[in-house]
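You will see two complexes here that share chain A, one where it goes with chain B and one where it goes with chain C.
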Partner chain A sequence: MTTSPAPPRTRRATPPGAPSPLVTELRRGLGPWTGVAVALTVLLSMYGKAPDWQSRWSDATQLLHVTAGLLAGPLTLAAGCWQGGRDRRRRTTDLWESVPRPLLRRLAVAVAPSVLWPAAGLLLADVVCLLATWPYVSEGRPFLELLAADVVAVAALGALGHVVGRLVRWRLAAPLLGVFGYVGLAIGSYTESAARWLGPASEHQSVWDRPVWWFAPVSMVWAAGLALSALLAYGLRPARLRPLALLPLAVAVAAAAPILRLPTDTGPWRPDPALARPVCDDGTPQVCLTAVDRALLPEVAAALAPLNSRLRGLPGAPVRWVSGPYGPTRPGDVELPDTGQDATRGRLTRPDLYLNSAVSWLFSTTCRPGENTGPNAERASVVHLAVSEWLAPTPADYGVDPTAAQPYIDRLRAKSPAAQRDYLARYLAAKGCDPDKVPVP
Partner chain B sequence: MNPSTAVAVTGLTVRHRRTVALDRLDLSLGPGVHGLLGPNGAGKTSLIRVLATVAAPFSGRVELLGGDATSHRERTGIRRRLGYLPQEFGYYPGFTVREFVAYVAWLKEMPSDRVPAAVERAVRRVGLGDRIDAKMKTLSGGMVRRAGIAQAVVNEPELLLLDEPTAGLDPEQRVDFRSLLRELGTGATVVVSTHLVEDVAAACTEVALIEGGRLAFQGTTGELTALGGVSTEGNDSTTHAVERGYTAALRAHRTSAENAREALR
Partner chain C sequence: MRPLLVEPGLRRTGPLRLYLRSRALPGALAALVCTAAFGAGAARWLVSLPDFDHTARLPVVVFGPLLATAAIGTSLYAPCDELDRTAVRAWWPRRLVHLLAPTALAAVLFALAVPGHTEAFGPPAAVRNTLGLTGVTAGAAALVGARLSWLPPAFFVGTVYLAAPSRPEGAAQWWAWVMQPGPGTGAWTVALGAFVAGSVLYAWRGARRTTAES
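Here is the complex of A and B:
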């Protein structure tokens, strides 16, 4: 046996790998632009309202949820619809009808940009907003499961829009679907039935609540089941296989059942004692905020300090300033205004305004009809205004005209500190609904 | 059906609403390049669409590559061995030529390890090798047509159906394309629907002439040419000779059809 020398190794010119159809679909066409549009829409909308959500996880999560449902949802519907009509616009239908690859497989690849890019855009916007919230929050955690459910809902809307685009032979179908989608989702989110919790834009405003654990996963099953059912109903061939589309539909309906049994007003939201737990400083009077606003405690205490120094030791003065869902629980508790309205990024934006609000809340009383009337009622009202303006003047840009109370304010300012404390004690003692008892400064 | 027969159509009738596009057509095609000739509206595109398994016949039997094209199961196997360029070739403008042809290769269920080389070869064969990574939207009309031919041949089809493939090609590209057709016809059955007689004269070995949804003539290009007789003009070209044969075949078919109608009255 003879051996021949091994042939010299030559570098074989191999062509670059052909791109996979999925990668090509994701790279080309409308898909990436849809992702960018969704991310920018959510981010710009959130940026405009940053002071409202950047201090608390729940505010950030809630606003992201509503923005995703109301803005990203219709946008994704429209983009999916446009993508779905592509084969008709590009006249590739005839060619695709001649290929062996089953329609469902083709559909699974073609729908990917309508599903994955909006989901990625929303996910990016969610991450950016949560990172922007992170430095300023005190307690709790973002409801990531709700945000994940939003991502699934937006992806499902992309798939539904895609199927509509394949079925409806009309160029205006995409923009109109977007408009009708917006109206439908908006109406759905404000409806007074439990069905609103099936929509992706249902709103709930309480920073001390958290959703029940099963709500997000069940919502995902509901949205994904609907989308999968639509895709299967469209893509399964031959027609005798189409009843299989009823399976995900049945799963979606089964997932909807517990959501529809939720309370109409609070839906899946339940109070979370850990978030509403009072956190107090050791001042006199004490300032107590809820755990979600713990970081604001020094700021609130500093804002109230001038008032506290005047009230300290007076009979009838507050023992504790309290904020939160449970209100005053002990004798001597006085409710504080909601810090969420006056705080941005962990700071009180207008301490003077917050102090003014606190004084208003301190002196506010609820009188029955017929009370707080009589010949001295108007004078008492002017005295109330004078005391409030003396303790915490309303900022100039808030429209309160103290002219009528100015003589009383001047008299209060002219008094000695001891006389001021004496008057304040008498004023606090007269707090109520009888104008005749209100002492004149 | 003869084992070498790629297309065997019997009694094929295609209707578009109330119009009969193909009327009990019988046709059998084997390996080679077949020109499908006929005036506008004769039924050429209807026949190509049925052969491409895009349109379903109203009645009749369609056997392609030894399988029944009306059977769902057999149709999938047929489609894997089919190449098709529709009259209106649609494409995705954002895809590159490579991406688009690879996409079609995937749709034709080609083994993924064979796709990269097959795509390169198909694109080179149509002379677009230097534009393989250009986006489809940047191509001229002729280049798009060539990309369309590339997607049709990417799977080395045994039955290649081309509907007006030379529309939009300049004269030089047509010459190259006819050469490609001849090359493809050595191993496959190529059906070229066209109304350009010069394409048939230059590239086709066989001709089927359709008129009013019926087969007016089927034979070799030489037989069609012979129908036209000898020209009295000194500078008679092959194309002119085929045109004369085409016209003679059409007239003969019309006369025969007229006589048949008269006989029925």
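Here is the complex of A and C:
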């Protein structure tokens, strides 16, 4: 009887030349498509809203954050769930059980496409959007740490979906998980509790704020801890090792604690004086924007120029036009409308509309109850309209009908420049809430 | 004695019930009803929130039908497709009934789930989205297979949801038809087009034959 020699043991798990199982997993199946789908979903959503975010880092970061949480998150959950059920659909579960590798190691390889591809797709979309914002911003920085936390959250959702897909054998599991994942992630934006800052889609709208430094790393630990805990609870064998899964869970809960203690309204966001610092031109009246909108200053000054030339030197005229979170702080300050609404890619989209809103803000007064009444109240309101329309006509597509004020407008236009200045000075001096004192042109 | 062609057990169960069970239709219908009930509850809750009005029902009008059509789409999977195709009778009327009956049920349920405000996101918008998304799902079942048929409509809705402009205008009523208020003609045209095209494609070709791998 002859015995054949045992084959020599090699250190490599795979034959030389064969790709590693991880590379095969990453290249085949649904994984790459998930990455493409996540990138496309985020990029198309961002493209549709481009005028809203392309001027400021904070707008871009916020919208990327919400898009990642609300759209990429559920998509990744569903795709992960589908990928997790693959071996069951292929009926190769028994075959995998016969492989002399621990379950946890096989799971780590199998879960890779559900985790890495959506993360890569989101990262790509983030980079593209930040590069598209870069040429138009003036101050501040993108909150890269928040975007990194989003990538980690999406990867964690992929892992959670994968585990659910392995456990639940139902054709509808993946779409159900996607839609209910969306509901779970979106519910935070409808509530005011501190728990919403735990979700990856929590929104905060202020361009002069920045997040506290620890928020992003702690969010990453929270998301990654949950996912790791689920993976360990599923993949650790023998069963007596399972309690080890409580370790990352404990870390995740510990990370959640400081997030839950954040203020419910502003969460991790704190005012950043550097972003809200006023930047002024040297005109009269001065035009001051916040540092975030510095690039817009020449545009805004140009839009306000016709109005400023009429106001220059008049008693009662504003000294500074200011915008930003602090509003008018000195006597003679008048608030400017927010440029974020009217600017796209570092330019004012409608200078005429902006001038018109600036005029209405200049003359806007809050009257007490009982004021602004009397026999002349109607005439006074027509005069207010006439002065506004004379200084900055409302664009035709905005539905203000100046017919009633037209005689006054014609009279104002017919006056000599000196008479116009004289009238404007009298108008500025009059109290807007006392109809009898409003001068008739 | 006539040869026994049908097993006695089968005769007792009835071919219709066997068909329903083979397509896991009871589960799909249960999912559909639960989705509509959940959608109705969610719509009420959204409207009841402070600072929200009836237009806050948009997520229900979009995601409810999406989930319902996912349930319908995954039920189109035929476990023994090759065996089915050896049958003497034409399959297309059966496929059509299989698609249309749950769709009609879903449309009625979602119309009831979001009552009132037909000019915004009420019953017409819900019915339109149910029909349109069913068409997309049925088309996807014919092209990529029934079990993954939910993915193309989910991807479409996910992409359009945030990208759509908040006011219905211009080309958006065509490409973002799921996000439009009830009466828009453009959105209805696209949705009905998708419904007819998807249903015909599915009735004609059936769900794409997939190996057990996909």
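Everything below uses one rule, namely that the second predicted complex is superposed on the first by the 424 of 441 C-alpha atoms of A that agree within 3 Å, B and C clash if a C-alpha of one lies under 4 Å from a C-alpha of the other, contacts with A are read in each partner's own complex, and residues count from 1 in each chain.
We take it that a residue touches a chain if its C-beta (ideal position, glycine included) is under 8 Å from a C-beta of that chain, and two chains touch if they have at least 3 such contacts.
Note that the coordinates shown come from a computational prediction; the quantities given were computed from them, not determined experimentally.
Peer 1: Let me test your reading of the model: by the given contact rule, A:Trp82 touches which partner, first (chain B), second (chain C), both or neither?
Peer 2: Second partner only.
Peer 1: Per the contact definition in the header, classify A:Val183: touching chain B only (first), chain C only (second), both, or neither.
Peer 2: In the superposition, A:Val183 contacts chain C only.
Peer 1: Answer with first, second, both or neither: which of chain B and chain C does A:Gln341 touch in the superposed model?
Peer 2: A:Gln341: touches no partner chain.
Peer 1: Considering only the touch criterion stated at the top, classify A:Arg90 as touching first (chain B), second (chain C), both, or neither.
Peer 2: A:Arg90 sits against chain B and chain C alike.
Peer 1: Is A:Leu70 touching the first partner chain B, the second partner chain C, both, or neither of them?
Peer 2: Second partner only, chain C.
Peer 1: Quick one: is A:Thr266 in contact with chain B, with chain C, with both, or with neither? Answer first, second, both or neither.
Peer 2: In the superposed model, A:Thr266 contacts neither chain B nor chain C.
Peer 1: Is A:Thr373 contacted by the first partner chain B, the second partner chain C, both or neither?
Peer 2: After superposing on A, A:Thr373 lies clear of both chain B and chain C.
Peer 1: Applying the touch criterion given at the start, work out whether A:Gln205 contacts chain B, chain C, both or neither, answering first, second, both or neither.
Peer 2: neither
Peer 1: Quick one: classify A:Thr329 as touching chain B (first), chain C (second), both or neither.
Peer 2: neither
Peer 1: Touching chain B in one complex and chain C in the other: list those residues of chain A.
Peer 2: Touching chain B in the first complex and chain C in the second, residues 86, 90-91 of chain A appear in both lists.
Peer 1: Show which residues of chain C lie in contact with chain A when the two form their complex.
Peer 2: 24, 27-28, 31, 42, 46, 49, 52, 59, 63, 66-67, 70-71, 74-75, 77, 147-148, 150-151, 154-155, 158-159, 161-165, 212-214
Peer 1: Which residues, counting only chain A, touch chain B once they are in their complex?
Peer 2: Touch list, chain A to chain B: 14-21, 24, 28-29, 86-87, 90-101, 106, 238.
Peer 1: Okay, in this complex, where on chain B does chain A touch?
Peer 2: Residues in contact with chain A: 49, 52-54, 72, 75-77, 79-80, 82, 84, 86, 88-95, 98-99, 102-109, 112, 115-117, 119-120, 151.
Peer 1: Chain C touches which residues of chain A in the complex?
Peer 2: 37, 40-41, 44-49, 66-67, 70-71, 74-75, 78, 82, 86, 89-91, 170-172, 174-176, 178-179, 182-183, 186, 190
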